[in-house]
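What follows are several structures.
Shared between the two complexes below is chain A, which pairs with chain B and chain C, respectively.
Presenting the complex of A and B:
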């Protein structure tokens, strides 16, 4: 309760300071919307000429796309503080967080709430709705719930990625751009059914950075595709997001421990 | 007297990685001993000046005592807690101000920063409002509360930062160069505020500074640190004695040229004004004055201890010679 109250107090104050630069906020939101819209148009153009992709229809792919983009937009809005953490370290402002009686992870999380990610969020939600509306049979309630859990799992996974990226700063002092390959590259890759990729890439997104476990796997089950997995695995898959976040938290702890014994 | 800070044999060793000489050269590591066994204790209600040249280990000590940094070995307790082991409980009880760095939110009005701290420290709303009112009045920052922090002058920001560090009513205040870069008026008001805080509310203060006027105005006790070791724990007079106990004689003399007795040295001469440094151990003050009266045409004379700045400069030079 106390943590929630403090979270909102901190996050809303960040929103207020974003609103001080209103023009920049509006432009960023539009930019965020347009940038992700381009991806969506790309998919639409692809289907206009090929009709289907390895047995997946446009609507089914829109669901894949929607889940992963919605997840990423939410995670980026919530976890922007981790995305910008390199600056906190470089400017020596991490000490200031250590001087306050709250967990550092909580303080960094609460430090930013990036409203301009609304652009991608609307776009992702729109595509998801479009995809679901275009399915031949409407989903059951439990199927809808599964998708909601998948979005949540995706948020946790992307937060885990952002957290890993931020934790690396304790060692490198710089933001490792290689993580952008995983996030932005991951979004691009996971917007399509993983069947279209080579085995190693498919395995990468199923087991290493388990983005595919959060949209492809459950969707394939819901849409009755052939899968080399038992059906129940689709229901466990969203846990992969939580596991990935746990990994991020462990890395963060190790990073803070390192920082506090080296002072830089 | 109740002891509230105790540091025992604090040692901090950093490993600094140097940049590679070339792409394939092995990366060199250098070990920096920031603290090499520092021990001291502070009683409740003291204001202690923590002095030393740049890189001596002052900030490192403050970081250990405020729970940010875990020392390589040694221990410390503040309110019977080991700061780095119970960081969250510890920082609730202390106030910290870094002169070079603000604790406030850059883009927010000052009042909003205070309110956020109230949430972060989970303070009782009514008690917070009361404390805030008192401090704002005391530091005279009522007019600044609606101003975003980034628009404040350094002196204004410092006053706000000091208020921010006291909202949770800590019993210990760590001040790291609080008057750096401030104009004379701000310095004086800051000093008066710190002195009152100590006298009226008994807040214990550990003050790190390079400004010897701060020290003279506030501290009865000083700790001198150099190259990670504690060199002195005593009064300002002890500090002067350690520096060699020299005196400065400012004399108005008519003659342009005159001999000086052993134990005295001319430091500067501007018109009739001569500044002579002498060591009272080898040359008594009356002997010097007599000598000047006989040989230099003495008109007026003033004898003073050297300023603290001069004392510190002499000490730092000695430290360089001893250890360098």
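Presenting the complex of A and C:
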């Protein structure tokens, strides 16, 4: 409870500081919205000229796209502090975090709450809503709950990725571009049903960076597609997000243990 | 002309300092190329729909657009907006060269020098890829395609200079200058090849200056345009280049006239 209060006190102070530059905030939010809108338009345009994608309709793909973008927007808003962590290390500011009587992970998490990600969030939520509205029959309550759990699992997974990227800074002192391939490439890949990809690529996004477990598997079951997996696996799949976050936390712990101040 | 070449050469050398970033960029473009190509293969599996590219042409288009990714006018000249704010723009105005030509030279090198590493790297890799992922260039059209690509670069640099000119009014390089390029890259065919869009949409978009930057050369290089269509597209490129240069010069001159540098 105390931790929650401290989190909100810190995070809201960061929000207030973003609101000081209102125009810049509005423009960044619009920019964030437009950037993801272009991808969505692209998907819609492809369906307009090709009709269907190996048995998947535009609405079904919109659900896939919506889950992954909504998750990423939330994770990026919450975990912005990890995204900018390379600078904290390079400038030696991590020493100050170590001196404070709170866990370092908590402090970095609470240091930023990036409101401009509202742009992608709205866009992802809109696509998800459009996709759901276009399905031939409305979802049951439990199906809706499953989707909500998927979004939550996606947030945990992307937070785990951000955390891995930040933890790598303990070793490299700089942000590794490779992680952007995983994050943004993952978003691009998981916006389509994974069964369209070659097996190695599909397996990569099911087992290594398990994005597909969060949108593809559950959606495939909801929409009655053929799956090479038993149906119950779709309900357990969102747990993969939590497992991935745990991996990120372990990496962070290992990083903090070996941290040496850059001294500047 | 000599000053122009000297400026272009300096900027080029500047770019070569960021080899690691260029490699990371190439890796990202390679990954995205794979994903896009996989998606198009899946769409084509159900028939070509309204597309006016064959699958092999679409895949080749993807590789070329990934290789020329950084040629697109993503922003104006980056340091100029800061100069507008702190008054250093006075030095720019005092140089014994026409402001527009000077900026155009820098814009041209900004748009072409990143390709020096990226484009050959991506070309070599994608020419060696297995079967359905391989880049296939239309050899007889290569000379016209290369010329058209050059025109594309000149157009892109003209837009870059035009964007820079608007900094006289917007002061910060944010806002419309951030958002317009994202929309422009979609309209140019950078996100989805224009040939895969619904027929009516793509015919309209091919008349715009955005297509003159990217879609025209790429269509010629992958062999989707015969000689006649290629010459038509290039005529349009020249027309847009003349219009953009005239507009850019007018905007920069008007900006410089009204610009007032205070004190210092």
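The rule we apply is simple: the second predicted complex is superposed on the first by the 259 of 264 C-alpha atoms of A that agree within 3 Å, B and C clash if a C-alpha of one lies under 4 Å from a C-alpha of the other, contacts with A are read in each partner's own complex, and residues count from 1 in each chain.
Quick note on the criterion: a residue touches a chain if its C-beta (ideal position, glycine included) is under 8 Å from a C-beta of that chain, and two chains touch if they have at least 3 such contacts.
Note that the structure is predicted; figures quoted are calculated from it, not measured.
Look at A:98: by the touch rule set out above, it reaches chain B but stays clear of chain C. By the touch criterion stated above, A:42 is placed in contact with chain C alone, chain B being left untouched. When the two complexes are overlaid on their common chain A, residue A:172 makes contact with neither chain B nor chain C. Among chain B and chain C, the chain that touches a larger number of residues in chain A is C.
Of the two partner chains, chain C is the only one that A:51 touches; chain B does not reach it. When both complexes are aligned on chain A by C-alpha atoms, no chain A residue touches chain B in the first and chain C in the second. Partner chain A is touched in their complex by these residues of chain B: 12, 14-15, 34, 60, 63, 66-70, 72, 84, 87-89, 91-92, 96, 98, 101, 103, 105, 107-108, 112, 115-116, 119-122. Residues of chain A touching chain C in their complex: 23-24, 27-28, 30-31, 34-35, 38-39, 41-42, 45-46, 48-54, 177-178, 180-181, 184-185, 188-189, 192, 196-198, 201. Within the complex formed with chain A, the residues of chain C that make contact are 21, 24-25, 27-28, 31-32, 34-36, 38-39, 41-51, 172, 174-175, 178-179, 182-183, 185-186, 191-192, 196-199, 201.
Contact residues of chain A toward chain B in the complex are 2, 5-6, 9-10, 13, 16-17, 20, 92-93, 95-96, 98-103, 107, 260-264.
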